[in-house]
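Both complexes below contain chain A, partnered by chain B and then by chain C.
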Partner chain A sequence: MPDLLESTDPSRGDRALEGPLVRAPLSLVNGARIANKSESLEAKDSAAAELGPKTGPPVLFFDRVSRWYGPVIGVNGVTLELRSGITGLVGHNGSGKSTLMRLAAGHLRPDLGAVLVEGRQAWTAEAKRHVGYCPELDTYYEEMSGRRFIQCMARLSGFSRAEARSRGDEVLELVGMADRAQRPLAGYSKGMRQRIKLAQALIHDPKLLLLDEPLSGIDPIGRRESIQLFHKLAGRGKCLLISSHELEELEKLTDHVAIMAAGRIAAVGPLTQIRDLLDDHPLSIRVASDQNKVLATALLDCDDVVGLDRLPDDALLVRARNPRRFFQRLTELVISEHLEISHLESLDESTHDVLGYLLGGKS
Partner chain B sequence: MTGSRAFFYLILLSWQRQARAHLMLWIAGGLLAFAAFLVLANTWNGRWNMSYWRVPGGGGVTYGDQIRAFAMARDLPLAGSAASVTQLAWSTQRLVVDDASGFFVFSNRIVFFLFTTFLMPLWTLSFATEGLGREREAGNLVWVLSRPLSRPAIYLAKFLAAVPWCLALNMGGFALLCVLAGWPGILALAIYWPAVLMGTLALASLFHFLGAFARRASVVAILYAFFLETIAGNLPGHLKRLSISFYTRCLMFEQAHEFGIQPERPSIYLPVSGSFAVTVLATVSIVLLVAGAWIFARKEYLELT
Partner chain C sequence: MTVQLLHYRAWQGAFRRPSWGVWPIARVALGSLLRRRLFWLLYAASLFLFLMFFFGGYLLDWAVTQVSQAPIKVGNVTLDTERLVRSMRQTLQVLSGNQDTFAYFFNFQGTMVMIVLALTGAVLVGNDFTFRSLPFYLSKPINRWHYILGKCLAVAVVVNLLTTLPALGLYMQHGMDEWEYFTNVAYFEESGMGRGPASWVLLLGVLGFGTILTVFLSVTLVAAASWMRRTMPLVMVWCAVFLFLHMVAVILVDGLRYNVHWRLLGLWNNLCLLGYACLGFDHETIWPAPQPSFLAAGITLGGVMLLCLTYLNQRTRAVEIVR
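The block that comes next holds the complex of A and B.
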């Protein structure tokens, strides 16, 4: 029986991949880049990055992709290249993660730009041969057993009945569902359903795995096993894009993340670099109080304030590094100087807000 | 090879899953049972003739009464030629009303009115909207769309999976009703089955199209079947030309022309020729299938998230 992780798609038969499989280094070729509103919104493709060895075409390539839902923009000028390895995709609800996933899975088409999987438009059947998609959606053919569902997915991928059976058994073993796969899907727990979802994404041995919240609902042991599996797959040269709300969860998987905010890739690269940049990068804040002069004097004494301007409406425009520390200091000032703040607004909200939220507890 | 293997498997899988359309199946089965009961009751009571029809309609005597009157007149001691005329009138009317009118009555009451404008659209939609519509509503269409199958192939496979069910229900249901009616029904089956086949394919194409593009496709299809097929299809004027059952019936009229079957008032019904009806039904089937596949290839299902 061929090793599932080494066998190829049905169009090429059940041949094993030629040559030894080498774990691709997950290095960030272009380095981590972080962009605030004033920078990134001007340069549409500012957050481009490549993961994995920079040889051959990328497995997944977003080329200045924009996608609207009527008047609302879901993804805004995203350029992203992924090769082998694991990339975490993190961001607020509504930040565009799922839209990005669905564009890559070929369920949505970009309004502008192109999404390519192995050089083919993601929308096409040829591209889907290389994609394993694990959606967040939790509906199955409920009347079927887990095993039958997986075999169906294998047959819909073009495998013969015998191949579907053997591959189905392999992936079920891989996701730890071999002994429970006979039961109807309708009776599965959330964790079991997640594993089945993962199994169907793996059944045709795709090069690109798009996993939307794959660990949600899985028990701790299952999580550990799944994380090991993801690492194993990445080590086999697969490209995994894993979305999650939780950065902590993703950190166990990979150091490389793409952070989405307001439909843009706000930052992409190693998490440590993103954190360092965030702390060093000045944040623009508009603040007004009943005693602006006192406030300005006090703020100029703060180490984290790198610039201060008076706006036409008498409010202050403060440029500060390390937002968390700055806001902590501002709070202290308000209390000690008995200031009444009438206006406080972060002008780099789209980026810093989400990054601050996501990374705040980690530095 | 792998593509065609996946395509044929999708047909098989969809065909199997169609059987799980419990609610619609129960509704279709219930309607079939009701219609079968109606036909059987008429057969048992010998109602497949015009003897109980009143002339003039409403308060007149029945054809049966007329025959009985002629029978009584036949027994009167009439002179030679008068007796012959009475005998001729009795036997002619009996032949027409009692023996030959069964096919006409069955066609009018069951085939044209109940089956073509009501049962056939409803039975067809119960399967044809399910192929894509139900999976879309349930959210599990995502699994098929994620497989390496082209969108037109998915659309076509789902259609091909639904057609056997639609044909089985329509042709099988029609055959059952015909057989239960006795000889008028068996004659109707022999004459009308091509029209039922053509009508079923056209309706299946239409409802499959609706299933792919309309939210709550079953509801939309039921509304369509009720308003356009059942109501508008029976109205005078040109509006009924939008209904598939109109062309099905026109084809039936032509096929049964030699048996004297025609619309009650042709000048109001404005039938089209059989060849035109066949052309329309075939064109609707093909155009909707091709257009559906083309649009489905570009359609995004935002609800599948």
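The block that comes next holds the complex of A and C.
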């Protein structure tokens, strides 16, 4: 765990940066997530299918970026490279998530390093044409109607009046606000404001979408629709960087996360790969079969298994290092011993757990 | 319900240049201002002044006609009507449509402009900072100077609605009454109705005065409103800058006989000085005398604007950094 945190120091040859830095396909989704996570798994699979091209120039590139606020450091030597697909940005309050988002949106200039969007400095108008930013705050001219707000944002994006009108209607329909767009913003609920913010971010068909807490305040149906929308946008080759405290929702969105701590990228990549790197925290797996004793005996012979307990319901709690090798061995055992697995569940592989392990159990 | 991307087209067309974003910014600010009843109330009040100048000329002509048609007797004394008419014209020369008319008009109307700007600055500019809506603007492909320009444009529209536009109305009115007013630069000298130039020279003077007011007040209001944000603090700052400093300058120069350059503290006085220069006033005829040179007034206003623009450059950021 400390290895990962420290490895982001650009002066050191680091594992986290070399390994999962460049997006890898989610082909590593293992069997440990069968039980009660099927919905989540479907979403991840669909995300995996929508990751898009892995080659070509990155949409967003942080090159050893540091940014100070006076004596306080916001981000520290961050290197990050994102192409198409959805990436979750997670971390504690004050970890530097917002600074990272604002640097990507061109609101801040780095004190050291460079932030490039489609190869251009992020604060330039050319780069901003490729960025759709959905900030966390949602205050604007409250007397203005949602439609007028969107049209105004469209004009600022460079559309003519007629284009702004038609384009505005398209995005309002897309976010499900077409029928309520005439109402003034003052009368909007939190969820409606989120949709309107999303619409203004989408108006100019950007390649990079920076979404700060996009699901907060949205009702469950709205969340499902938003998640669907994000997946579809990712499927169109867009790059989405989503900052969220709602880890369960984020898990439904993507398996690819960037974890921030103390202004640094502590880890980035598919969650399973990050989890695999946490050698100090063996994966806990709950497994039950028709012959638990045989299974337990066989598992104890396995090098990757560091602990094994029997649970009150007769199932086994296995702690294993190197989950990939462990699951491979388990599959072999099941076949060779003719076992029938009735339950298989990974207990600490969620974003929440990984964050807890990575950031010192404070997630 | 499933989300459909069918109607959401990938954008293939070309975007306009960032400078096209200036007008939408101004439009949003003006839209929120024009919804306020207070603005229309103040605007109506300012129109009274315009109407006074507009109908004042007709009133004078009517009075002159009445006086010259029949002799006026007060008791047994018959008044010299010719002298009376001359005296009336002399007194109300300010309504003749010459440089004095516009100098007075801009001066009086300026008071109303200052009140309107102080009360509406928070709506035009301050709200963006109060409600932190700047990130929405600055996320779009514009830079901070487009934003500042947009806000200045909104203030400029308000200033011109109150000053230059009615002044042009007055100019047109006088020209419609007497066509020579439009064509003959020496109209006033030849007719003996006043002093100063007429025709296109006067028109340029009016536009020049309006431009000076517009540019300076726009920049200072945007700077002051982005600093103070809310109406009451803004009114206090506005009063301090334009009223208090003006009073200090008057006390120092007219009361304590300090050097005339102390008068430069009065920013409104400097604005008027430059405006009078545009209208073709002779420096020596400007009241209250003595006055600093036009150049000194121009340099002072330029310096203040530079300060404001430097502040705006620092202030206009999507991210507010609290140290």
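Here, the second predicted complex is superposed on the first by the 226 of 363 C-alpha atoms of A that agree within 3 Å, B and C clash if a C-alpha of one lies under 4 Å from a C-alpha of the other, contacts with A are read in each partner's own complex, and residues count from 1 in each chain.
Please note the rule applied: a contact is a pair of C-beta atoms (placed from the backbone, for glycine too) under 8 Å apart; a residue touches a chain by one contact, two chains touch by 3 or more.
Bear in mind that the values here come from a model prediction, so they are computed numbers and not experimental data.
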Ask   = When the two structures are superposed on chain A, do chain B and chain C clash or fit side by side?
value = clash
Inquiry  = For A:Arg129 in the superposed arrangement: first (chain B), second (chain C), both or neither?
reply    = both
Task = Would you sort A:Arg236 into first (chain B), second (chain C), both or neither based on which partner it touches?
result = second
Request  = Would you check which partner chain A:Glu81 touches, where first means chain B only, second means chain C only, and both and neither mean what they say?
outcome  = neither
Partner chain(s) touched by A:Glu249 [first = chain B, second = chain C, both, neither] = neither
Ask   = chain B or chain C: which reaches more residues on chain A?
value = C
Query = Does chain B (first) or chain C (second) touch A:Leu108, or do both, or does neither?
reply = both
Request  = Please work out whether A:Glu213 is in contact with chain B alone, chain C alone, both, or neither, and reply first, second, both or neither.
outcome  = neither
Ask   = Looking at the overlay, what does A:Asp304 touch: chain B (first), chain C (second), both, or neither?
value = neither
Query = Which of the two partners, first being chain B and second being chain C, lies in contact with A:Leu156: first, second, both, or neither?
reply = both
Ask   = Looking at chain C, which part out of 4-12, 130-138 or 184-192 clashes with chain B after superposition?
value = 130-138
Key: Where chain A meets both chain C and chain B, residue numbers   = 69, 102, 105-108, 125-126, 128-129, 131, 133, 135, 137, 139-141, 143, 152-153, 155-160, 200, 204
Request  = Can you check the complex and tell me which residues of chain A touch chain C?
outcome  = 69-70, 102, 105-108, 123, 125-126, 128-129, 131-133, 135, 137, 139-141, 143-144, 148, 152-153, 155-160, 163, 167, 170-171, 173-174, 176, 200-202, 204-205, 221, 225, 228-229, 232-233, 236
Message = Looking at the complex, which residues from chain B come into contact with chain A?
response = 1-3, 5-6, 9-10, 13, 17, 20, 138-140, 142-151, 153, 298, 300-302, 304-305
Ask   = Which of the residues in chain C end up touching chain A in this complex?
value = 1-5, 7-11, 13, 15-18, 20-21, 23-25, 27-28, 31-32, 35, 127, 131-133, 135-143, 317-319, 321, 323
Query = Which residues, counting only chain A, touch chain B once they are in their complex?
reply = 9-11, 69, 98, 102, 105-109, 124-126, 128-129, 131, 133, 135-137, 139-141, 143, 152-153, 155-160, 200, 204
